[in-house]
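We call the chains A, B and C, going by the order they appear; numbering starts again at 1 in every chain.
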Amino acid sequence: MIEFSNYDILRNLLFATQWTILLSLAAFIGGTTVALTLTAMRLTRNPAMQRIVKIYVELFQGTPLLMQMFLCFFGLSMLGYEISAWGAAILSLTFFTSAFLVEIWRGCIDTLPKGQWEASRCLGLSFLQTLRFIILPQAIRVATAPTVGFSVQVIKGTALASVIGFVELTKVGTMLNNATFEPFKIFTLVALIYFMLCYPLSLYSKHLEKKFNVSR
Amino acid sequence: MSLVNLHQVHKYYGDHHVLKGIDLVIKAGEVVSIIGKSGSGKSTLLRCINGLEQYQEGGITVDGKEVTTEDIQVRRLALSVGMIFQNFNLFPHMTVGENVMLAPTIVLKKSKAEAEATARAMLEKVGLAEKFDSYPEKLSGGQQQRVAIARALAMSPKVLLCDEITSALDPELVGEVLKVLEQLAKEGITLVLVTHEMNFARDVGSRVVFMHQGKVWEQGDPKTVLSNPQTDELKQFMGAVL
Amino acid sequence: MLYFSDLLQYSDVFFSGLKTTVELTVLTTILGVALGTVCATVRQYGNRASQHVVSVYVELIRNTPFIVQLFFIFFGLPAIGMMLSPWQASMIALTINLGAYSTEIIRAGLASISKGQVEAAKVLGLNFRQTLTRVIFIPAFEKIYPALTSQCIIVMLGSAVISQISVQDLTYAANLVQSRNFRAFESYLVTALLYLGLSILLRFAFNALGKRLFAYRTSN
């Protein structure tokens, strides 16, 4: 058996944290991209499009993220599409993130007074112009705080990638635990690292929310 | 015999000196109208009388008992001092009847039947007997305020404090609430009300107290005080109101 | 090609997994919301020190992944002498997790109750406990009921992770079945649909309960 000093443990965990961060970033970028598309689809006011978005949200908010990962990982390879744990994790986290973000953003757009749409149409702005110059600038201001807040859920969501074997912080934690039999220490450290990643974002989100509430 | 007795009451919010030595004696059966500019300390005075706010100097007694904000005291005071708010503050999740019965059952420990009988009687008095099973949000502002009066009366208070209880009402609803107050005054209930209704103060009140900058500036018989103000401040105030 | 027919023979495996998931969900929803109610009350009305304790608890839980909380409780606590069965560890972890989120949600509900309501109760002579239970709680819960029930459903879905410490829940059943018949996609798809059904069912149940709890909104 190899001896792990505290230094070794920490070094390994911090190294793995890089993968957690990378996976979070990829999922967040993927998630926002898809969520933007879905939001645009919803704003078209086309009933069929809106239905698709609704079902999408229902499916991915109504099933466990872990199950989505299993389906992406084992399921797809079963069907003949080879996919790495990394790919499956990004794919499922993208579904998960976008399904929640599109709902969060809908809430934000809905808080804008209806008069804004009507006033813009009366001024002769087209749908896209209204969106681009009137709705989006306001919606972005409202949406920033909850979006930053949700990024915490994304980071925490990446921990599930450990279950399909992607080697990130939680996975290295369990591996170190198996090697050292010091679960209390290891999982305390793992939790602390997650906390240090997430808590600043939580604080920042709260700060943004306060700033926004004051300024309006 | 004096029912409410204030002696040199001082009240500060931080550095802000809000009540500057209030002396006031209210006898049983009196109807005292407190008037004055916004910020002169009228609400604060009422809130000190029922123990919602702590005063820093002087003394207040109600029915011979010292007033403090200690929770137990507030609760005992609740038995002798009723209060009605500008915004009614009915409990939205209870029916009108439940609103009125709540305190008698859980504070006075009356039986349900007894509390219900009282509640129905009080609602009858304010003209809302038929609303016993309605929820507050289904009532007009005037009706809600009358329920609030019934709720306070159900505790058979010795004195009823009213803080601008018609100010949140549409003009056409003010009358029905004032009529109830007038009825109560006739029955001999002691009323202390902060009000902008000068006609009510003149016709129903037994005394007017004009407050200015945290002091009792002028007081006396309503007809004399209101038609013949002695101080410039009251003259000015009357000018602004009329 | 997809084959679902041979999943039928495993229906009792799925069923027993479903039962475990439902049982744990019901139990931890009740316990978690109760814990959240107590903590939110302390957070809103308690003294400085106890407010801080609650804040630390809430922030620690909200800013770490559930799976790490679960591992900490299941693997970590025995190391300092607290032996727990997988089921017990899961129940504790889920309760603590939901407790933290519901603390935040319920506190927002408590904060939404106007000072006037509390003062009205006070001048009627109600003590603090009576004011809380009779005057504050119902309107406060009504305000945040949708957020609270969504969170309960999120925690239910999150419970899939407890299969990792071999609690025989619905996800465990899916893993078991796919390891026997090697039809991972079908097995997980069926399981995902069962979860979906469960979350829809829960939402219906919560709505029905809400209609009863907050009946005053709709009646005469």
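Here is the rule we use: a contact is a pair of C-beta atoms (placed from the backbone, for glycine too) under 8 Å apart; a residue touches a chain by one contact, two chains touch by 3 or more.
If you're wondering where the values come from, they're calculated on a predicted model, not measured in any experiment.
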What kind of graph do the touching chains make: line, ring, star, complete, other? line
So which chain ends up closest to the centre of the protein, judged by Cα positions averaged per chain? C
Centroid distance [mean C-alpha coordinates] between chain C and chain B, Å: 46
Distance between chain A and chain B based on Cα centroids, please, to the nearest Å. 55
Centre to centre, by mean C-alpha position, how many angstrom separate chain A and chain C? 21
Looking at the complex, which residues from chain A come into contact with chain C? 58-59, 61-68, 70-71, 74-76, 78-79, 152, 155-160, 162-163, 170, 173-174, 177, 182-184, 186-188, 190-191, 194-195, 198-199, 202
Within their complex, chain C touches chain B through residues 114, 116-117, 119-128, 130, 134-135, 138-139, 142, 214, 216, 219-220
Residue numbers on chain C that touch chain A, as the complex places them: 59-60, 62-69, 71-72, 75-80, 153, 157-161, 164, 171, 174, 178, 183-185, 188-189, 191-193, 195-196, 199-200
How about chain B: which of its residues touch chain C in the complex? 50, 52, 71, 74-76, 78-79, 81-83, 85, 87, 89-95, 102-103, 106-108, 133-135, 138, 151-152, 155
